[in-house]
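Have a look at the structure below before the remarks.
When the chains are written out, they are named A, B, C, D and E in that same order, and each has its own residue count from 1.
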Amino acid sequence: MVADKEKILKISGLSAAYEDANVINSVSLDVYKGEVLCIVGESGSGKSTLIKAICADNSVSVEEGSITYKDKVVTDLKAREVQKLLGCEIGLIQQNPWGAFNPIRRIDVQFKETFRSHGKFFHAERIKEIFEVLGLKDPDKILKMRPYELSGGMSQRIAIAAAFVLNPKLLLCDEITSALDVTIAMQVMQQLMELKKQQETTIIMVTHNLGLAKCIADRIAIMYEGKIVECAEASDILKDPQDEYTKRLISDVPRLRAI
Amino acid sequence: MDIILEGKKLNKSFKTGEKKTQVLCDVDFFLKEGEVLGIVGESGSGKSTLLRVASGLEKPDSGELLYKGRDYTGSSPRQTGEFLQILFQDAESSFDPRMTMERSIMEAGRGKKDKEELLKLVKMAGLDEELLKRKPGKLSGGQCQRMAIVRAFYSGAEILLCDEMTSALDVSTQAQVMQIMQRLKKEGKLSAVFVSHDIALVSEICDRIMVMKDGRCVEEGETPEVIGSPKDDHTKELIESARKQSIG
Amino acid sequence: MKKKIFTAVLTAILAVSTVGCTTSAPDQGTTAPETTQPAQAQTQPEDGGNADTSSAETVSSEPKILKAAASFAYGSIDVHKEYYGWYTSIYGVSEALFKMDENMSAAPCLAKDAVADGRVWTITLNDGGAFSNGTALTADMVVKNLDRAAQVNERFAYLADFDMTVIDEKTITIDTGDVYPTLKNDLASPELGMMDLEGTTDFDNAPVCTGPFVIKSFQPEGDVEVVKNENYWGGNVKLDGAIFYYMQEDDPKLLAMQSGEIDCYNSVTSAALAVYSQDPDQYRVVSIPGARLQFYFLNEKTLDDAVREAINLTVDKDAIAAYLSGTVSAAVGPFNPSAAYGKVTVPAVDTAKAKEVLEADGYTPGSDGFYEKNGKKLTISIKYYAARSLDILAILIQEQLKAVGIDSVLGVEEDPDSTYLANGDFDLGLYCMIADKAGDPFYFIESVFKDGSYYDCNGFDDAKCEELIGQLKNETDTAKIASLTNEIVQIAIDDNAYGFAGLFNKTTVLRAGVTGFAEDIPFDFYGIDAQTDIQ
Amino acid sequence: MKKKKLKAKIIILSVLALLLLLMTCFAGLVAKNDPNATSAAAIRTAPCADYPFGTDNLGRCVFSRVLYGGRTTITATFFLVAVSFAAGTLIGMICGYHGGIIDGILMRIADIMLAFPQMVVAIAVAGILGGGMKGAMIALGITMWVSFARLARSHTFSLKKEAFIKAALIAGKGDIYIIIVHILPNLLAPVLTNALTQIGTTMIGLSGLSFLGLGVVPPTAEWGSMISEGRAYIQIAPWAVLYPALATLITIIIFNCLGDAVMDYREA
Amino acid sequence: MIKKVLKRILTLVVILVILSFFVFALMYIAPGDPAEKRLTSQGVAVTKKVLDAERERLGLMKPFLVRYGEWLFSIIRGDFGISFKDDMPVAPKLLQGLGRTAVLALTSLAVSLITSFLFAVASVLKKDGIADRIIKVFSFVSNSLPNFLISVLLMYFLCIKLKLFPVIAKGDLKGLLLPVLSLSIPMIGRFIRQMRAEFLSEMSKDYVAGMRGRGVKTGYIMFNVIRNSLGHIFTIIALQTGTLMGGSVVIETIFRWPGIGKLVMDSITARDYPVIMGFVVIMGTIYLIINQIADVLSHRLDPRPES
């Protein structure tokens, strides 16, 4: 059932370094249109560097292999082309909720910048629709506020809105809930999934939290020391993990039980 | 087992610019010897502030703090350091970057220079002796936290206050650290207050659980009761989200 | 958003353009190559067509304006106050009754002559003397001027004790109480310049005087512009006007001379002299011994006679003058050797004799080659202040003493009068002052040699000297004054209480074709007059 | 790889700085002529065999004066920077650690010092202690310690919030112990980098004061006063001002680059 | 809000009084006095009698505290007194000097700010490129030469060799260029380094990566980075303006631009106490006011409470 799906992203034999340490060695991964792929790994496993490599961040130096998004080879694109690609084709949401916007300038002005950078005009309606889905009440008031005045949960929701507003085909999420409380994290996740359904976006979600991955992922890839040690359907991987590391990872997660 | 640490009607508020925010409102807590009390709550619930007030690092606006019945409300960290130690979320920054681990730990020993005991504790924490010579920058997060535990016990403190001590660690390292805590608990050497936002983790190690929300204690009781049949809505919500994410 | 970026870019372009347009502004002055032909003056259009000073021009249609640099500028030009009179005299605006000439004697100016009979001086005015507003200069106006000067200027308060009477339109008698031989020279002081006290409304900015020029524009402590005084009583004035730029620093003066923006200035430094001497046909340098004396006190309280004698035998004034390349001429006594009262003798430099004198006094050369006496090394404390090249003098004297085996330590003070001169904390104290104010030696002798005087700080006290000074005070006959002065100075020299190093030359640089900027008068308070001209 | 390159850069620059210091300290070996020996014959001679850098307007060998001068300038500069560093850091730490009134008062004093006209101080001190380096150094020192104090204060503020300070408090350590054992070592790196950049400003300050006649007492050689004396002869003896200016330039560049390299290394 | 402003004004006044006392004391200790400096300014010897008469007239005989008290009392009434050098009122002298210095200071500040701003942005955009390295070297070199040397070199090359400027400035725009250039060169060096450091630290913040991730154009990103670092930059500018308003004695003397710097330097040599004290009061006030403005501005720009 996976084979006939259209491939949106192809990572083949990628080796890359980040700040003098080669963090990814020969990773190959295919991502299919419309699916939610979770990459689970601990800190230092290279999962964040992989995300940076996909959106051609210049702090990552690719040594081997390539990343192709639809027909474009991302690793060879020039800065101008990368700028055009990011935002309307590939979206990015970061871990720090206040990492999406300049904290001291008004949110609507910064949305205008995003639109203007892609040759589009400020489309207030579009933003308000997305705010609605994300459960943000009173959008007009929010648009006039400055990010530093908002709580973590609200900031992250606006970051999600900013990613979705240009309706990207592929959305990269780098630990977007680890800075939030558990309850708020669950709400944000459901709202994100709602938007994904509406726009049929493909999502690559990087997290260290296996439990979270279980809730939303179609497929889960486990990363350890720069390699993908296992990649399979979410339900299969949890029921009978093949790789030793995955087994230990699953057993280490604290269970909610009464002593 | 009698009560060794107790807080009554604790209040605390912070003044940022003109507006005053009330962070603790009439909070009570107690800890019995050899027992681990878990405090769960979301960010901004006041759980860390409660810990800092209990440790003497911050003064409560009102309320009482007792150690084995003796009132130590206004006392300085120097005095509270006699009977308690605090473990921080960012373990690496709880050690001076310029000093080797050994010197930092010896510093907490209040003049005690007992290499044997130090080596015994290091072995107990499953760490290699070599690490004592290194500076915190060269150790991983997990190793630093375990060194912090060694320091706590080396200082002879009876009570451990753990402020989100494993939240910054990976799941596997967190598991290693919690194993040590479990072993200490079994050997009856550990009476601790364990603050965390992860209710699953708290349920694994703590005998009693206190749930906090917006500076108040909304629920308190033995772990099986609180987890099994939570009375407060917020506790229910916490347990529900945890259950959703549990691997089962 | 767009608007903000646009304004930022606009301001950047604006800033760059202002810098750009002025640098590439069409350069009015022709950038004629550095040929021998005098540098083309930098004619500024906005300056209202000033004179083209190239010498080729014979008949000049434009007005003849001389541009000079002045080292001082005061906040007011009230002739009687402070030293302002010096500058109104330099600007050619004010004139006194008499005028000092090249050989330091008071020549007639507004007054014909002054004759002393015992205590009473009779002064007769020149006929035709008149102010620039036409009113004639009367004897009564002269007395009023002298009274005002005595009132407003501390240094001329003594005039008030004289009793002055107006005999007629043109003659005045002044009874000086006891004999006052130097009155004629005093009346030549620029501070006693004549002003039309009735006709002048604003003394600080526009005094009405008798000089060949009148003030056109005066910026307090800034530049001054003067124009020809059409009805000057002394005849035709060659120049049409002059501008005096206030320039404190020496470098800009040199550069302004080279760029042609100024035509002359005095007190030229040795550095500038070296540059001008490379281009003799473009710049004419005139250097004559002036009245400003560089000398040092030798402290009789801390140095015994032998040491003082040895020092005076060692300090080589000619060598020092050589270093100062033309700005200083070696001095013998405090006064100009060409003056009658400047005839004194100083023992020639003789380092061998100096060593003998020291050894005779019990000094023996120590291990480090420096003399010492019963264990204590002879170290001279040389004190100076950083002005008038005294720092160079200090360095050179230290060198010369070292060669003979006398060790020394240099000490600089910011204000000599209130430090080493006041408390005597020196062995060799350098100082520089005007020794010959207006051709009369008594003023220097009275301030330095006389016991208890302001500069009596080195313990020099000689009975014979005091007695001679008493005689000199009342002596009117110039020949007698000269011999008395020489005798007094010789005593001081023989007593080795002083060392007269050099007389600052009055060095003036003039662009070729410019004459008459008081370059051969050894006083600092003269500048342009009716004869100054640019060919 | 970037860190290795930076480390190499720091080593090279420190070697250069050391070389500079040694050169000036052992000026005696390198310079043949006596720096203070004047010679009427050799006034303003162009650079030649026996005067590698030519002579100044008193016929003194510029080459030996640059070397001996280096010794005076560098020792004076280092001494001044060291004293300001010590005083500034101490005051900054106390202000940063205790805050409250002490911090208020000391910082207000710092404001006053900054608003103090340097010239007035230089003249008054020159008057009291007699002219020369002492007056100049006090005049410069008055404003220099403030930059160290401000830097130390801001770093102490951030350090104070660190967990290891709380751990030390719990371990029963007193304020003074914490300041000296914990805060000072972590403060040294950033403040030292600032010290390196201050070296340049001090040298320029010294030459500025020499220009106004308040610098070193002649005949001792000092780069600042050599530049100020030589500037009058720039047209006829340019070497008299060129070489001391070049020496100042090179020294300042070396120390500034060193400061930058250390800063980059610490951040990398 | 008013209470805060009042409190600041009070501290300002207290600081100024302390500052003026120190300066008065320093001047009292410094050897030499105005009477003696005034009478011997042309090197003519003077008698004790004349000197004492002048000292009496200037009131120098009164005890130190009385003189300070008199001065303080008159300054509070806004009367800056009469100059000891030429009996002219002090206030107009100082204000005129301040005006001229302000023209020079503000023009060179503007020129330096614009140039160093452009260079800093260029060097940050192409970090560690050739442009960056050249700009870095320039910022060192421009900061390592004393300004009197720079002025003489500029004057020599631009006025004599290239004949672009007159040596004697006429107070017009053309006359302003050379002094502004001499003042600006060292300042540009310092500003570039400070601005570059500020921009780099801002560039490393998370929101820049966030904006890049949304494909926001570099122009907008730079605008945000600059907008955020303006707060710190204002404090730097405030510090620099303070020193600039004190006038540069050297530049003002060499380029015949009679600002407050030269006026005060001459007054110090002439021990003209009223002018010096007036200068200290004016400069103290300007300096502290500029700092307050910088504080308010940087707070307005970055309203986040001190984290």
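Please note the rule applied: a residue touches a chain if its C-beta (ideal position, glycine included) is under 8 Å from a C-beta of that chain, and two chains touch if they have at least 3 such contacts.
Because the structure is predicted, anything quoted here is derived from the model rather than measured.
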Subunit B reached from subunit A - shortest hop count over touching chains: 1
Pair of chains joined by more contacts [C-beta pairs], B-D or D-E: D-E
Between subunit D and subunit A, distance of the C-alpha-averaged centres to the nearest whole Å: 52
For subunit C paired with subunit E, centre-to-centre distance based on mean C-alpha positions, whole Å: 35
Cα-centroid distance, subunit C relative to subunit D, in whole angstrom: 41
Subunit A, residues touching no fewer than two other chains: 113, 116
Where subunit B touches two or more other chains, by residue: none
Sequence positions of subunit C contacting 2 or more other chains: 1, 251, 413-415, 419
Complex contacts: residues of subunit D adjacent to subunit E: 108, 111-112, 114-117, 119-121, 123-124, 127-128, 200-201, 203-204, 207-208, 211-212, 224, 227-228, 231, 234-235, 241, 245, 248-249, 252-253, 256-257, 260
Residue numbers on subunit D that touch subunit B, as the complex places them: 162-164, 166-174, 181-182, 185-186
Sites on subunit D touched by subunit C in the complex: 36-38, 40, 43-44, 57-59, 123, 126-127, 130-132, 213-214, 217-219, 231-236
Touch list for subunit E against partner subunit D, complex: 11, 14-15, 18-19, 22-23, 26-27, 29-32, 136-137, 140-141, 143-149, 152-153, 156, 186, 239, 242, 246, 249-250, 264-265, 268-269, 276, 279-280, 283-284, 287-288, 291
Complex contacts: residues of subunit A adjacent to subunit B: 42-43, 152, 181-186, 208-212, 214-215, 238, 248-259
